[in-house]
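Let me give you the structure first, and then I'll get to my questions.
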Amino acid sequence: MRKNAVREDIDSVIRRIEDFGYKIHTIEGEERVVIGAIGVGDTSACLESLEAMDCVEKAVRISAPYKFVSLEFKKSRTVIRINDRVHVGNSEFVVMAGPCSVESERQILESAELAAKGGAHVLRGGAFKPRTSPYDFQGMEEAGLKLLAKAREHSGLAIVTEVMSDQDVALVASYADILQVGARNMQNFALLKALGRCGRPVLLKRGLSSTIKELLMSAEYIVAHGNNDVMLCERGIRTFETATRNTCDIVACAVLRELTHLPVILDPSHATGKRSLVPPLARAGVAIGADGLILEIHPNPQKAISDGAQSLDPAQWFHMMEDLQPYLALWKKSRLAEMGAGGV
Amino acid sequence: MRKNAVREDIDSVIRRIEDFGYKIHTIEGEERVVIGAIGVGDTSACLESLEAMDCVEKAVRISAPYKFVSLEFKKSRTVIRINDRVHVGNSEFVVMAGPCSVESERQILESAELAAKGGAHVLRGGAFKPRTSPYDFQGMEEAGLKLLAKAREHSGLAIVTEVMSDQDVALVASYADILQVGARNMQNFALLKALGRCGRPVLLKRGLSSTIKELLMSAEYIVAHGNNDVMLCERGIRTFETATRNTCDIVACAVLRELTHLPVILDPSHATGKRSLVPPLARAGVAIGADGLILEIHPNPQKAISDGAQSLDPAQWFHMMEDLQPYLALWKKSRLAEMGAGGV
Amino acid sequence: MRKNAVREDIDSVIRRIEDFGYKIHTIEGEERVVIGAIGVGDTSACLESLEAMDCVEKAVRISAPYKFVSLEFKKSRTVIRINDRVHVGNSEFVVMAGPCSVESERQILESAELAAKGGAHVLRGGAFKPRTSPYDFQGMEEAGLKLLAKAREHSGLAIVTEVMSDQDVALVASYADILQVGARNMQNFALLKALGRCGRPVLLKRGLSSTIKELLMSAEYIVAHGNNDVMLCERGIRTFETATRNTCDIVACAVLRELTHLPVILDPSHATGKRSLVPPLARAGVAIGADGLILEIHPNPQKAISDGAQSLDPAQWFHMMEDLQPYLALWKKSRLAEMGAGGV
Amino acid sequence: MRKNAVREDIDSVIRRIEDFGYKIHTIEGEERVVIGAIGVGDTSACLESLEAMDCVEKAVRISAPYKFVSLEFKKSRTVIRINDRVHVGNSEFVVMAGPCSVESERQILESAELAAKGGAHVLRGGAFKPRTSPYDFQGMEEAGLKLLAKAREHSGLAIVTEVMSDQDVALVASYADILQVGARNMQNFALLKALGRCGRPVLLKRGLSSTIKELLMSAEYIVAHGNNDVMLCERGIRTFETATRNTCDIVACAVLRELTHLPVILDPSHATGKRSLVPPLARAGVAIGADGLILEIHPNPQKAISDGAQSLDPAQWFHMMEDLQPYLALWKKSRLAEMGAGGV
């Protein structure tokens, strides 16, 4: 649509598209509204008819397998509002930190305090835990969600936590600010569809052996079902190398910035599985241009129920954040230059 | 338990174990009952106490991460009863065949006729389809399940079909004889737990980048939640090789027979992605000792909505089954020898 | 060339091609001579000119990246003569067996006796050993080659052994009947070029992470440098799975038979790394249609300097060969039918 | 040895070790001499005997599969002197840049000028080219080496170029300052042994599917055969992802710094295969703490014989180097702090 298009114009375009038998999906940017039409068959008649309308700036055929998430479709980068103070994809680098699992009230409140003190914007913590073994701790479930909400109250941090089943989406959305999809659920399509209607931002983790294209297709599921606020997360892929828990495909951060307008978050904790490797990879993630980090920290990693080996202890966490500051300053300078230059 | 143990004995053992604070899981074989106890901590006192009971043949500690599915835990191979005529894991090689998706009444009835005529025991066909793209055909859902039930009536074949969400388990179980877990859902733990209570045999496909151990852990989820009837399925893993759709880890069939008592099914259609490669791989699967095959066939592959390239047409399907006969005869001879020898 | 083409015809065609600036490579089959021309640029003028010659049956442009090794280029399957009794790629399945390394005179003579008694046609044994560590046994080198020659005299078996450097090609070729290229050297192009001129058949093992196409390109190096007698060997690729030493891409055997006229050998020892898995995989290799097997056997695997865990002991070796017989009978029947049908 | 040990002391220690039947390898650092003993069997008697000597500071058993390259064995980081001005592994970040192949005198002289102008220290350029296809350009060989020597004269840059066969080591060493081992030759053990005696620093590229441990073992080959000056190079590994040419395992740079004293170079050109991704990955490489970069640049990438898609054109090259400056300043600050702190 043209910049000056009004509601009436938009409605008339939507009616026109529907007359051709296509489904509609609309993304409202700050400056401009983009209307997507999904369907099969010959599109030329519809495109021609739309181009003839005054309020339409341009009608184009998107042929990439993913449409709404592509930078080709929407040229302005998506900025996701988490709460009044935190926006992802903008000129502020966003740090999410916290323990792997919510273990107790004391543990999560201490973690939130730690996270906030170190400069994090969002508190992470799992209440529903995907575990390879049925005999491992499966999470505190709703009790854990309640503790996360309490930690938000105490610390002012936003909350990100995982949801593992479409049945739980409404429950988790009633407590969390961001719903996380774990790597093993990246192609749980029932879950993705439910997240399209959850009304909360989603952090979508890349599957262990998913390609970048498949990650974008999974994001497309969420967007096509109604939710534009999707953050993508590189957390390491599975390869033959066993020196690290996963192999961090850091270049995926740069590739994604070429292909999509959605923000990209790096998870150096799962990508490495070893705490000494987290700070150097975090620096690299800032340098390559990710929009944020998600990290595991714990008041006492030796006693963590899960993922202790990759969690930073308080001293390491504060030291890492201090060490990151000059890199974050360079990041911000470069991001502002980019936004000034192309509006992206 | 000893072979002559009666219900009263079993109940007394269960009470004793529960007194020690462990959870119970029971597998009733034809000759003997095995009682599993799940818990943490020092087990020696409990074991000693059980060994002192007359009705207990042996009390052992299982330390593998998977317990109930391990051959160490239960030495007799699991035979799964699908219906009166079909048992998997026994001395009959089982063939499951059918289209990727249920597309129409005519297509599925023709497919069932084809499958039966070629000698299949089970009809496959997807009603809920996991698709990488939200814009691809997502399946006929319940209407498809109804058509599958109709095809069962007409052909006498059992039905295997995929379930994608824990929410749909009861629905799918009300129509299907076997519930299939797709590769992308192998670690959808909410789904696995629901399948533990579904009362139907499950065909669990190996994830694209899942290890054999992880496959067994996912089977353990289903068994630990109450369902002993799990078939494992090798369907190719993801590697760097692009000449085939996936890389068939055929040796996994032999490895699984060393590690678990559960039957193993090979899927040469997804493992190769190309119909000309299906018959040679099917032969290899019989030769290596799998318990069955699951194959894609279609009355008219050129018109298939999905997976046409890997579906056999009727002539190829009949030819393949004929070609397999001498290999199946060798398979049966070797299986009977094995069963005679060790009862496994 | 036409079937009745004489030397003079062939020479005239070669001159014509050279006039156009192309390089020549000739493959003389039993019935027909094929002349290849290698070069870049527009080929239409040359093709037209050749088609105008009476002695030329057909002039075609081969566009696959590999030419001489492709089934498109040469439709009759290559049969490689190892010695008077052994031909690979024909209607006899070929078995190569022996220890990983030549360790002593007694060990290799005993191994040769074992191999012959079990029905092998070729004795394997490494004199130059590629070892990950510089501190591991690097092989007996020329002394080992001499022992292999002695074992050939005693047993009548042909000899296959590895060559690791272009500098050693002449030396190894003076002792061995078949020169093996190890997986780690599949893209040692200096070595491949030297093997093009060695005058002996070559067994080319697939690299740990080489695609099927790259394997064919490496074979193309050897053929393009003058040696048509190349056997390809699938020995497992590197993946994330650690339950086996490598992941056997058994379907590669079937893919290669669609793409190339060269014979394909399967190595179940390196593909699995565990002796109990070797016999089932060997059966699968016969069933899928490989032309032969290469296996590790040892008079006393517990004392083997290298690869003991994957070597069959004498009893296992004899048992495996006996078990294979009905599968080999099916193999032969199917191979003869194929050769009768299409002459390939 | 103690810091004040003299030649006589060293000789006495060597004699003592040799008396126990071990082989000797000596690394002379700036402050201290380290003497390594290689052998098998019980080491306690020898260690005890050495500890009793006054000139010996400490006698320890190194059990890692790699010894001389491990940080456990030699705690001070190796600094490699390339020429009077360039040292790798020190407090200067080293940039190597140039075309994939030497194509002509004009091309390589222009490239050298470009490289120098942008701030590179070393000129790269292939004279012997490892190519998947025998029909692709194989390099200018010795003529190319002569052009590289000429480019060194003109530009003052040091030269790094690949050697592909042990037969060519002496020839390449007579022209080049650094000998490169390509990814496909990382386990060409004959070549590694020859490089142990070449008298020049070696740049050892990680194999496409080699683990970090295998990379260190290959470096160990070179060091154990007499050459301590080995640089390790991460250039991307082979995975299922096809969005980039390889998958850059950037964390390997950090892992290697924990395991070895040898310098680590990152190759963002081969790791990505796409020029737009090179600058962001180069930034990440600096941030994670690599010791240098090796990059492909070309006066006219569109006309490059090989690797044009991943070569930077002059404008991109200058822009990237300018953009890197603040990151290099942070790198230097952190490196100096580290050297000041622990002498490592």
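We just call them A, B, C and D in the order they show up, numbering each chain from 1.
Following the convention adopted for this analysis, contacts are C-beta pairs under 8 Å (C-beta built on N, C-alpha and C of every residue); 3 or more make two chains touch, one makes a residue touch a chain.
Here the structure is a predicted model, which means the values were calculated and not measured.
Novice: Going by the touch criterion stated earlier, list every chain that contacts subunit A and also contacts subunit D.
Specialist: B, C
Novice: Name the chain whose C-alpha centroid is most distant from the C-alpha centroid of subunit C.
Specialist: The most remote chain is A.
Novice: Quick check: how many Å separate the C-alpha centres of subunit B and subunit D?
Specialist: 50
Novice: Once you find the CA centre of subunit C and the CA centre of subunit D, what distance in Å lies between them?
Specialist: 35
Novice: Could you check subunit C for residues that touch two or more other chains and list them?
Specialist: In subunit C, 209, 238-240, 242 touch at least two other chains.
Novice: Considering only the defined contacts, which subunit B positions touch subunit C in the complex?
Specialist: Going through subunit B, the ones touching subunit C are 209, 211-213, 237, 239-244, 247-255, 258, 271-272, 276-277, 280-281, 283-289, 326-327, 330.
Novice: Touching residues of subunit D toward subunit B in the complex: what are they?
Specialist: Per the touch definition, subunit D meets subunit B at residues 209, 238-240, 242.
Novice: Could you list, by residue number, the parts of subunit A that touch subunit B in their complex?
Specialist: Per the touch definition, subunit A meets subunit B at residues 38, 65-66, 130-135, 138, 164-168, 184-185, 187-192, 208-209, 214, 217, 220-221, 224-225, 238.
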